[in-house]
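There are two complexes below, and they share chain A, which is joined by chain B in the first and by chain C in the second.
What follows is the complex of A and B.
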């Protein structure tokens, strides 16, 4: 969620009224559809990065399980479903996407709100794997990368988090400032794959 | 060249940042004296053969890795998480 702030002067009251409007990182860029493949913006959701304090991995995982029904994910794994996901995000890091984090988690981990920091899109379609094969130095084919698996890697020069959230659906996250570059890279690869 | 990250699996060299010798894991005590500190800061081996360096899986999990490799054959012999420590094995 990202907000555009508009100010109006209301003559009668004499004070400024602030109106907040949500604006997607992909405003005007998505959806993009090419034969066999499309990219759409993921619905905006709260995102919190959870990093366990030293030696607190186990109590944190237990607290997460009781509060959110999801244990802290192993490396390369994502749990949960649409609306409430927990994605492994690197060494001792996981991103909680959807629910507001339970207050008890802060006892065992640093919980940092990053909703505005990440641009999230979905790449889907029969040719999605072929598109990623041109962009990513990791094998993203279904035999090696199944639903519920996640990677931190590069998409061209972009640092990304990628999760297979469905049979032919990939969730791709980049730093918000890279949203346009991500769409550009994907769009180019999609056109090249479709032209084959 | 590929490095097998203990968390992410085998990854291409482009995902890694190279720091250099693993001396950061062998910081001398504050009162170790000028000779030890001079050695720690400035003196490096340049072996033809097995060496130990620190790499960061910058574009992956972000972990610092202790990599044992052969500078002659480019063979990667062992990779562990630097957070698990590791002084001089040799």
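What follows is the complex of A and C.
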């Protein structure tokens, strides 16, 4: 499976062979499954933080639409779909997940690679909302936090980005170094909820 | 004694349990209290101070007497109220505050000396000798007065904390709360109904009054069924709302498995909820208050409403011969309910001369109970009537002094209760209850009909505030009996009359407080400890104020009340803090090399939240110093590899990026060439040094700033503040990239040789000189290379995307070992930098200026920067300042310790003579003796002088020579090589 250590022996653009092994932030930690709920690592995808320069929001959004087929999101929203998503990430910031950013975007925005900076997982299942109610001080119920909504908040002590990407599927992003703590916290809450 | 046909318990399910080791049986639906009462157990606890035998007083969470410990060892929970603890098969409860047993308690001797144990006695008595208070008297007093004890072991139970959200939170599921919840639920609002009881219904479950022509509990069940079937309603039983906080946040404690014989292993015992509600209805009902007549604390003296609860809800008669004593009509119900159930009522005593009392039992009006007899169970009640004293044989006395609205939560945001003269009780002040609508008995509406109506009315108020349309709500047919009361607070007599049963406070204590001129309610409370027990004055508060008012000649309204603060019931810290237990205390941050470092046996040291290896021990090395010395020598002589990913990395881009960096750094960054790195210093606004680090220019408008590990977040925050607050006109975007890159220092004379074995394009001194940076490819991966040095050696830092970090670390180690080097940890890193006089936050300690650190010249005179003006303040420069120096031993090498203070040689080591302190000491394997960095008054002018360093904690005094802080390679030739 893709989340275990693997050795890339593919040809890169420069023609050289990548001889360093990749290691997922969640190696050995996922998947985790408890009755009614599971967490899996999200497939590794390129991620870039896009921060529009002053007054460039509109041309950036237009460039984004033509290059990647989605507009720059409003606060608390995620645009796009599986494989190409733009997740609001804070004041004047959105995380482009999936496609490599079109070179034109750099005219209108600071584009900074974050593919390895954030660890991304999916929490899914019928009890996912109950699990998050143990961890996140935000109303995550479907009526208040719909598909396509996103929030920067805290999960216990962790600063996270959370997006509802499906009916019972949440994408949770945390800084890479804290991936284990994220899994520990989720797992603990999953057990508590399942035990009820 | 059980009464056939009465109660809402399930008699088909027998539940065995134990109290103080004795085995009993109860039924499903019983509390520990109702089951003990049914089994004829009269004494359930010993009083706090006098160790008097005590029985049940109430049937609810306000119980002051029946405190028990449940469970054993580390799983024991003390001070649980028997009235709220449900029984389950195998429940083991034990009584508290008695030795050796509940029946025979040695400390009951206190009761004989009660005249000497009045309020505040210990402050007056145990004054000499002064030192004895803390060491002798207080421990003894605390041991003899008391509650249940903790096991002293870590709590093994699991707890949980959780968040919930709603439009309307209804607190309390009695008639008012049920109607409020139903009204809002039918309107489509998102409703949470929380009730502390295991079964919702409040007083409706405890009275015989019919509702809509049928037994009230049937109506309750129907309403609950309707609510439970609605998606927009959440019913939370066994959940006590304990506090009101800002922004519509409510704290609530849920008993999750405290009532279960075999809970799931992972299930929490209790959960602490933070409920955010747009509006709330306070429907918490009322608490009956005792009358302070002499000897009113005997086992068998109970609240009249509680006697009805035990009878009607649990089918238990509280006695075989019951007397009832009250000052209001409500008390009469107890006598009538008991008689109807076939229990002998020996007297109904109403203190009001004009009261209308009926019933087929002895009736007394205008009469008062003036004394009782019976040690472990009530035996006699002495009643003063107009014609004389009647002695009545009774084993239970049901008393009622009226009802106090349960208004506690209305005070949590600062509301002060107001006195209501018609019910003679405090009620919430609606002006101070923003978003909290008070319904039913909590607002002083005591009839069932009134409560139902008030529930609807308050729910409609809340719906209006929510902008929702209220449905029309037909009211069930209910009783509307008028609540008639004439105050009776105390019956004076020679003997003690209890106000606060939990803390053993009597009317005499309150009168003494008034005599001692502690006449305000707050002073009285602290002097007598009334209201400071686990029940927090729920039973005693108003009664004590009335006695104080009487003693000081004021009205109760003028006396005022102390306020109520969260929590409403005791909340285990284990529940509120459950998320912080164990590793939940703080996140752990791991570098990509973490697993490998552990494999190599490296002990980890916490740096902020990061885990960093302190050294990499090899065979034959028994101390950290041996490993550290070897690692230092390795870097100086060959090559070492160290994971430095924890250093903060901030990506700065935009048309004004260079101007921005000029503004936050003391030195100029705009003149930096692309592909070059510069060391920089940042000041705080007050002129002190905030952080140091490097700034690399990757493109004309693209920089990467590094910070120290400790200040990474602080610098990011500072930059955000500058951009948002000080220079919003600048077009700059900053992004933390700390986690994107795994970055390794490769340091030592053989560092270039190591790297050239991995890089696709070789580097040379000309193409990649000291302080160069650029993009490279290493084993097919795009990487960043910086030629910077924190060791003073020819060194690089190489950064790859974090997913390659573990593999690159392995590869670098392998190559380093082949060249006679290896990994080095934080200890060696520290020694290497001290030898070079480089700084950390030991030196940049928040009070050091650039001048102090010998870096005044780094503040560019040609431009402005943050902190520049304030760094010019008088007193921040000159010979009085403590300045960075180096220290080495004068003579034979001796111990130098961090935090040791500096004094003139031979001078007295007292604070008046203090001249500075040691910031960073180490043993330098390169120089072969200890060295240290220190801050010394006028230090730069004193190189060569001998001073003493003194460490009072470790008893060290060492003579040292002051020297330049750069001990090794002062010209810096090695890093340029």
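Definition applied: the second predicted complex is superposed on the first by the 178 of 196 C-alpha atoms of A that agree within 3 Å, B and C clash if a C-alpha of one lies under 4 Å from a C-alpha of the other, contacts with A are read in each partner's own complex, and residues count from 1 in each chain.
By our rule, a residue touches a chain if its C-beta (ideal position, glycine included) is under 8 Å from a C-beta of that chain, and two chains touch if they have at least 3 such contacts.
These figures come from a predicted structure and were not determined experimentally.
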First (chain B), second (chain C), both or neither touched by A:151: first
Partner chain in contact with A:114 - chain B first, chain C second, else both or neither: second
Per-residue touch tally on chain A - higher for chain B or for chain C: C
First, second, both or neither for A:90, with chain B first and chain C second: first
First (chain B), second (chain C), both or neither touched by A:169: neither
Touching partner for A:44 - first (chain B), second (chain C), both, neither: second
Touching partner for A:137 - first (chain B), second (chain C), both, neither: both
Contacts of A:75 with chain B and chain C, given as first, second, both or neither: first
First (chain B), second (chain C), both or neither touched by A:24: second
Contact residues common to both interfaces of chain A (with chain B and with chain C): 137-138
Residues of chain A touching chain B in the complex: 75-76, 90-91, 93, 137-138, 151-154, 159
Interfacial residue positions of chain A with respect to chain C in the complex: 12, 14, 16-25, 44, 49, 51, 53-54, 92, 109-110, 112-118, 133-139, 141, 143-144, 156-158, 175-178, 180-181, 184-185, 188, 191-192, 194-196
Complex interface listing, chain B residues touching chain A: 7-9, 11-12, 14-15, 59-63, 81, 83
Contact footprint of chain A on chain C as seen in their complex: 158, 160-165, 190, 256, 263-268, 274, 276, 579, 583-584, 586-592, 609-610, 651, 653-655, 731, 733, 735-742, 760, 777-781, 800-808, 811
